[in-house]
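To start, the structure itself, in structure tokens.
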């Protein structure tokens, strides 16, 4: 990057004005995962982006998963991760491991990082204040949870007190069981229940591509209806299917717009929200 | 227990009246550990006691450690726990394990249990909202933390919103390191900073005994000054020394009274707080 | 009563947990009268019960009458109490006597007793803040009031400020007249307007008995519909008819459940509300 | 009175402007008694004056006694009122009578009258919320109380909720006894504890007269110091002595100014507070 | 005026009681103009009236125009005022002059006067907080604005903070243009949006007269429907037509009652609002 | 300026993070004047800078003067501006002109501009809420005011309600006179009374220069003490003397730091506050 002068910096800041106005006081839910959670430099930039949003008056909620970290600890403990239809078979011991990894390691480490960058954060899981209630989705999968209810009180209470809530996607039930919950789904449900202005789904893809091998064919914006057509045409396929379903679910439940964001782009969140460039595909409800 | 009639029950409840009056609106910090955290039936009773206190308007803060659980996971992962002067040598990996065990497993499981008994709880650690800031105590011990500052805002914010805060005793610093913190000390510092009415230190002893082999010699109440004398006389010795030091520290920092409680007694907390029987040794500041 | 140990006491307290949870923050209106208001020991127990409910976060409103005390003062003043259809003929002088006895003597004495047991109470009458507006019910009866409006603001304001409102059942009108108001009816109207969780009607009967001479035939619970049937069958008869009508009225106006309570049973209120034993007949709205 | 035109009326209202400004948001305690409480027309005017003050944003507290009414009921009940040094000998039965008359009859009737004139009032006694705590002053007098503590919370709570508190001057103690309290003293203590801007002591005299037989010698304003001199000179004598002592006490405890008001003058309160004419003698603290 | 005694003054004040009760906490919008704004004595009385209303708890909003002052400055600056259909042709320079005269001179001078009489006032214009958004009404007239939206937030915020808002009737648009706005219309729109209890339109006429040359034929009250008939009959004619249209508009948009007030009568506002005499013609919505 | 990519923009935004953190919730008073108020492009940038600060949670107060505009209108009206010691001789007519120009034209135009850039602003003068009370400074100068008191309530009330207060520096007195007030002094007094974090004094100089002809000799920071020395040495001279005096006064009255800013630099405010480049000379209190 060429050196940018103080005046140019000020210019950039003022050009962000209309965007800052737009998000001031609004809720943005960021589902954090993929490469942006592994690569140290990207991670640092995501933290900076979130703290900046928080400082300019956006209510940011950071939702994270941590599949690879769960597998890693399982393996260290001599347990072999097993998957059925892409879902982790979760016996009681695995559920305990997921709880330790997500609520104990990943979540609290994110809290630490946000605070090192000047934010104030509190890490909660789906158990805290019964944020995410769940039940067994499929007995063969064990403690993989299907969300039965989302109680956003603890998230709202923390936003109210000025914290960035960091949510580990675990579920609870009335018997005290812990469930492993799909992070994208949890984020969509929480964002919907909060009536969020934006939900950002960080992925390792550029967004929805018309030709999946050509980034230049990125579709910058689709309506829920167009997304259904794209899937019927086979343009939305493979791993993009559940992502898009999740976006549609979020919008159906009350989110204004969802962005399937390329988490590999530096400062993708700020670029998307505070400049006139986009960073992925935006899914909208269509004609108002 | 003989069957107790409805009228007798009502009688018992009304006899608790003056005690309920006394603690209504006050803060009680419970440092939970030892046998009461291992034995399932005692654990259930502690949960009931805490939820009852919460329901009658006491602001309860539950502080917990989890040394045995840390050792257990370390061993499963092939790491041998080492101790110097009773303090766990904590390399970076051990600190990570402690974080997972305390904030991820023990804390969130307590949240689950409190909620199964009707409470509303949120589990936080010393990292959340920078509750406990720490620095290296002794380079030989690695990430064993000496508390440099206690910021009770996150605890107060949760109490304010009607939750039972469950605190995992980890510490943080400006560089993002996690520290293993002595649970008793953390509880004393938090209770002091909150100006708690009572701090309860759950132990596996009956309290301070004049003859350590004879429970009948229990000393029901000592002042800070008398405690010093008892130590000089050798009556307070061994493992009781740090417990008593911790009580004295708590009182010095603003707690009204501290109880070294026998956690092996069923419903020891309620017995101590809501009946005219005691359950251990109460340490007080002495003449007002 | 056999001596009950501290542990048993704690056990009793925790067994009250689900009940405490149920009533925490809810409104309970107690219509106090009959034997429980005459017998000193029962009176003391009612006071204890109410203060305990207040301490565990129940919003208790105590509504009282005082017919016998009114008659007593009338006789001392040389006036002969007269009744038509069970209603006291109330000339201006009698209305003044009722005002002095209820608002001056009975109400303020209850305030004193509640405060001696640790509560904070304020005694108000239907004139204060125009709580109960009334008109002449039947010119032959003089100042016997039919309630035209209930303005619960003064009751809510006192609950809001943390007091136990003690309500003397007098009525007012725009001309400054004072009316003698039936206590049960006033309680039902106030409880209804407050949307109370429970209304307790203290009586000198065990509740509704299938065979009025056999306490063993107590009907523990009836719906409004069943109550109508019981009356048609003649099982609800005599003095029980207005009691049951009053219960039905309370439910129709918004109270969740009403209990016709045997005020002669020690600690009947706590037994009913905080244990799994009942103390009378509960009237409910029926199928939800 | 000559007819006053609309314009003249408006003129009068605007001339009250500076006075309204002065008392807006301030507390004025009126000790009501004497002729102004007996004469129906004066009574109506006092009620109008108080409601007007309340409407223009003054926090008015009405404190009343009721000696003659107590004597009247005693006599009707065949008890002969007895006095020692001007204080009523008060056995238990007399205390009960005082309670009925003051809290039941006089207080609630004033509430009724204020509300007929458009105010919102609640009548409380010294028992409610333990407003006035007392002890036996002199065993020979029985339940004549010496004030031990004034807890203004119930008065402040009612002011806060927008009511005019009407205070019956009875006292309570921890044993549940009721005391007869001197009304002037109670008003002075309450006004002092509230830091009132004005206390008005209604009397049946024109104020302090230099020549007690010549109203033209009215002293319109005295300092506490001058009052002491006037007493030493014998100008303040007889029944005026306790009145003046009471004023001095009020000022010593925090009231800004006290007026010994001629309650026989129509609309004396408004004349004193909202016009440039006075209505009695003002006692002040002297040089600021 | 004959001298009025203190007692008579107090009498007048209490006779205002029912009126004060009626307006306490309500909003009254005064459109100030005409002779009452020119004549120094009348001006002083209007200021007194408004401050008095403010002190007795009325939320007063003062809306003013200033046509003659605008013409005066234009002429001093060598510009000739031109009118088309009674509306001032307003080029950019004239709009600037209007802005200076209304927001700078007239408004702030009124603020000064209100404060000299004891009020607290803040002068705002239609630009502040975008109170009045407008567009060009007729290109031939230049910057004469037609109101497109009224945002009452700044008025409510000032009322909320205890100020008397003084509104200069200018309009703004998204391009930063300033518009000259008809004062009566602006007052009607603001009063409507505030749901005002009263709007007072100060004029130099006695109100609606059945015979325009005979003040004795004043119509004291008309409904919106009757006003339409009066216009059809030609009784409402000439300059009274827009006044009446403005009243009808105000009522249609939510004002309870509007008074076409004779601003030449001393203390007309207080006479109308706080005595049983009227001062002009009241326009009402008709049968409720 | 070279084109700056979205990523670079995001980078710039995150580099502003620590500065945003620093000013979030703090008060910054900008004294606006000179070239930056004349040049259209600079003016637009100042507006953008202020709105951006407002959006990121800074409480910005914009204080302005308008000497040239006053002179311009005077001349149009045929009045010749006269100055004594650099202060405008201000007769009554001139004071009126100043009031119209500042409160009517300059202030409201700034409100318009801020709102076109997305802010919410309200323009007040020193008369509104008696913000600036003043008296005659020197009879020869007429209505040139010396500030006698600053009442920041109206500024705080507007900040509280989320507006950017735009302050026209006029003064008022109890007789209703308007005073012309020196803008720099008014800004210093207001900033001091608000305990502002920063006061920015916009000038047409680069700041304090060691050699007034060589911008390279800019002194970036001086303490109050050093400023005194610089003046003694003659380095601070001419028009810089009152500027520096004003800075010293602001710091003495409670402002943390003052910047003598070069208003000719584009986006000087943002460059100074949100980047690591400065834009003028910062005056500080010296050793803490």
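Read from first to last, the chains carry the letters A, B, C, D, E and F; within each, the first residue is number 1.
Methods note: a residue touches a chain if its C-beta (ideal position, glycine included) is under 8 Å from a C-beta of that chain, and two chains touch if they have at least 3 such contacts.
Just so it is clear, the model here is predicted, and its values are computed rather than measured.
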Option in D-E, A-B or A-F whose residue-number contact pairs overlap E-F by over half: A-B
Approximate Å spacing (C-alpha centroids) for the pair chain B, chain F: 56
Inter-chain centre distance, chain B versus chain C - centres from mean C-alpha coordinates, in Å: 44
Where chain F touches two or more other chains at once, by residue number: none
Ring topology as an ordered chain list, initiated at chain C and continued via chain D: C, D, E, F, A, B
Interfacial residue positions of chain E with respect to chain D in the complex: 1-2, 4-18, 20-21, 24, 45, 48-49, 51-52, 55-57, 117-118, 265-267, 269-271, 274-277, 279
Chain D - residues contacting chain C, complex: 73, 76-77, 96, 99-105, 107-109, 111-113, 115-116, 120-125, 127-130, 154, 157-158, 160-161, 163, 170, 172, 174-176, 178
